[in-house]
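This report refers to the structure that appears directly beneath it.
Order of writing sets the chain letters: A, B, C and D. Residues in each chain are counted from 1.
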Amino acid sequence: MSSPNNRATLLISCPDRRGLVAAISGLLSEHRINLIDAQQHTDEIEKQFFYRVYFDMSDMDVSREQLQQLLEIECGRFNMNWKLSFADKRKRVAIFVSKYEHCIYDLLLRHRMGELDCDIPLVISNHEDLRGFSEGFGIPYHVFPITPENKEAQEAREIELIRSENIDLIVMARYMQILSENMIATFPQQIINIHHSTLPAFKGAKPYHQAHDRGVKLVGATAHYATTDLDEGPILAQGVAECTHADSVDDLIRKGRDIERVTLANAVRAHLADRIIVAGRRTIIFR
Amino acid sequence: MSSPNNRATLLISCPDRRGLVAAISGLLSEHRINLIDAQQHTDEIEKQFFYRVYFDMSDMDVSREQLQQLLEIECGRFNMNWKLSFADKRKRVAIFVSKYEHCIYDLLLRHRMGELDCDIPLVISNHEDLRGFSEGFGIPYHVFPITPENKEAQEAREIELIRSENIDLIVMARYMQILSENMIATFPQQIINIHHSTLPAFKGAKPYHQAHDRGVKLVGATAHYATTDLDEGPILAQGVAECTHADSVDDLIRKGRDIERVTLANAVRAHLADRIIVAGRRTIIFR
Amino acid sequence: MSSPNNRATLLISCPDRRGLVAAISGLLSEHRINLIDAQQHTDEIEKQFFYRVYFDMSDMDVSREQLQQLLEIECGRFNMNWKLSFADKRKRVAIFVSKYEHCIYDLLLRHRMGELDCDIPLVISNHEDLRGFSEGFGIPYHVFPITPENKEAQEAREIELIRSENIDLIVMARYMQILSENMIATFPQQIINIHHSTLPAFKGAKPYHQAHDRGVKLVGATAHYATTDLDEGPILAQGVAECTHADSVDDLIRKGRDIERVTLANAVRAHLADRIIVAGRRTIIFR
Amino acid sequence: MSSPNNRATLLISCPDRRGLVAAISGLLSEHRINLIDAQQHTDEIEKQFFYRVYFDMSDMDVSREQLQQLLEIECGRFNMNWKLSFADKRKRVAIFVSKYEHCIYDLLLRHRMGELDCDIPLVISNHEDLRGFSEGFGIPYHVFPITPENKEAQEAREIELIRSENIDLIVMARYMQILSENMIATFPQQIINIHHSTLPAFKGAKPYHQAHDRGVKLVGATAHYATTDLDEGPILAQGVAECTHADSVDDLIRKGRDIERVTLANAVRAHLADRIIVAGRRTIIFR
């Protein structure tokens, strides 16, 4: 019988050639798998093929392990990068915060309301401030104060904790520390950051102050995968709000908070639903 | 060799079952057709399957007629409604106008700039006013004045003209006459209208006056296929703009014009690119 | 010395005539009051004058009581409706909820972050569900279960409680009961409701279901003052989000929640800052 | 009797102090002038006062020349920068274009529909391409081909022409030449340019290519006064549109055109209605 728990998502990217959709959809239907949603994108300039299939395995005539072996073989024939995610294996998310509460609050509320299909087994912070928030939602809160001297050691402990908890995704919900290259390299395309400007405008510190100084008429936010190049990671989502001369820096910060929350949530939801493929600096995000 | 002229779009809808994507993509790739873009949507409540495939026929090993025969057979097996459109057979569009110039102007300008992949062999109006516009773009302008007495006869002449020109799509660019049931039934899902409100709000006459009277903070527009139920046709696109207490009815009309233009153009472009499938009162619009 | 606590807002509406701004600004500056922000709107059709002045009283040479007497006299000369609010007298807000948590949550979080300049001394509900939320923010939670039989008596108790707490504004944060005419008449222009559609579209029950059935491409929300005509009160704020054929009713509900939160907060903030004047079915909202 | 032709707009900026609104509104009402719309903004950080008054002179008991003398005296007392514009003295606009047609087309169409309250006595271009467009609207088209060698001389001729035509505003409707410092200095805050990105992102050449390369999810446009610092002038209006991985550079250009048109028109309309005051790099734009 059909059930959300018998479902899976397959993400594929590879050099374009004829017959890719037929090969994959043929393999799946041959084993009594029903496609619910399938989307293909071809980058005709780079000659790359991208594919997302969401399917139901209720009548599948092989085991999940056999399905993976079959995909291993078939995808190997076409040099495909592929990733299979089962819906009943919920992703595990760690939230990083400092002192700003709006993003973590929004995420925890969405989680409680069922908008985010994941477990959130821990929050990591460099400050004590939001312990009450986090524990009020029943989520353990771990503090690793960061100084220039202890940063490497503390990050090592954080990595250990994250690994011990089998974390699939790290969400930097306005975490005010720059992660080390080592940390970022340890979790490639597994760290989502929210920057409070429409990148590439206003990179770096205090973007709302920069925006006010420049006299812009729109403020915004950008969610992106963290890379070792600060504020240069592949963009996942962006949003804007109108502003006027009457808006002080504080007003921009307030307006920006609403955009940050929605933009970050959109990026996290896309990641959790396996809708994202990174291609160089760009992202394919299937809807 | 690959060329935009060797391409086609296939639209399919049918009751959902296993193997539909595999069957279609298998047939296409078997005949050396390369899929550029494919999108599937399944309505899990109505158990309906919707599919759009855009593909390249440069290496196809059968003729176009043979392809159609093969699809006839394969789609028949699955009770599929299907429609195949060749990119090099440009659609032919007739624009209906009355006195407002902004929508026709916008369409003709977009056409000139290459945004609308179609031919526009004629404009039909019930008034002389926009003859200059139309002929300035080199498009014949046909006037059929409408009175209650002559409406049936005039529409009969319009239908004859439209048929003789092999028109695929009629765009009502603020045409201020209600089409008869006969006219609408003659061109099912081939007539796009723009209504100047976000339907179902403010149906009928003078929606901007209604909106001003109600004191709304958003005005908008809706493009939809014309049906015999006035303002009730399947919605294709909607847009809004903010307004305030300071906006007079004339300001709402002005702001609305910008929304009408973009909304109508979006709907026309989706139709021309064979991205639309109508399902009851709803539309599937593949992006 | 200038301080936010020495400030006040004056709202005025009256029939238009010459000299109104001069009279008011003259009176204020004569008494060493400094205007920070002043906005006038004239409805040239209805011949009505609307004015909002936000000013600093740090150097004022009369007492607040004397200022009120002077305004009483001056505004009387011009048949002005006027309302003076002192910034250091924070408004008191009661939140009404049922079971949906997103709106109350959003309001309480904004309040904690300093976005809402008010006190929130109580939450009233017809259900126990959100007691934890409310009390977690330190706000007393009062439950008045409503049945057809006890509605009148329970509302009488609610009114008594609201009065005893000197409440200035009632915010219906998705409160799922229709208030009686008596209740609404008791607090004119003091009750803000959020309706989950862009009124006048989809009045009444289950607007997201109605929207899905109609196949719209935009969903939205409307904040308005409650009046005895259900969903017909003066509109304060509206917002929309795009949707597609792929959105289920649950998706519309999810997208709508984000719009409801922001739209409701915008309306509440405008009310708290004394930016709203109601004129018939319309609202003047100074920015 | 009241008439749009008996109206005027007064723009004022000066150091903030008490009594400014009272002084100006008192002077105006003393001479039987009726205020239609008045808006004040105080920059509390820079201690600057900004004021816009739109008023009716139908019953004014002095001549226009006397009004100007009275303002000269009164504004002098407060060190006010002031500018008075009479509604019946329509501003004169010159449009600069190169080869892209969408912006000029949009402006000319809006002008014809009565959206732009100005005269457009000439179009200046460095190419012949759009002569037909321009002359089709009855507007003389002047071509000044630009080479590195002749640029100074050609600009001198352009300046002479602009002066001889008493031009108040130059609109660069995607004019693809960088104006010289001399040209810009000759018409301070009288040249509006449209840049096809949300500045400060993607300054310089080919912003849509830059945006595609960076993989952004929003493209936009910025209208600003031209200054000798390229793409650094005070921002007047900004707009954005969503984009996805499926959008090619050509798609971004197409989406951007719609934003450019609306953004440029908004800026031009604000300038024509005397709603703009420049304060350093920022703009106060009264609505």
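One rule holds for everything that comes next: a residue touches a chain if its C-beta (ideal position, glycine included) is under 8 Å from a C-beta of that chain, and two chains touch if they have at least 3 such contacts.
Quick caveat, the model's predicted, so the values are computed rather than measured.
Of all residue numbers seen at the chain C-chain D contact, over half occur in both copies; the interface is built from largely matching residues.
Distance between Cα centroids is largest for the pairing of chain B with C. Chain B and chain C have CA centres that are 42 Å apart. Chain A and chain C have Cα centroids separated by 37 Å.
Shared interface positions of chain A, defined as residues touching 2 or more other chains, are 37, 41, 244, 246, 287. If touching chains are joined by edges, the resulting network of the protein chains shown connects every chain directly with every other.
Those residues of chain A whose C-beta lies close enough to touch chain D in the complex are 41, 45, 198-202, 213-218, 220, 234-240, 244-246, 248, 279-285, 287. Listed in rising order, the residues of chain C touching chain A in the complex are 37, 101-102, 105, 109, 112-113, 115, 136, 244, 246, 254, 257-258, 262, 287. Touching chain A in their complex are the following residues of chain B: 16-23, 25-26, 28-30, 32-42, 44, 59, 287.
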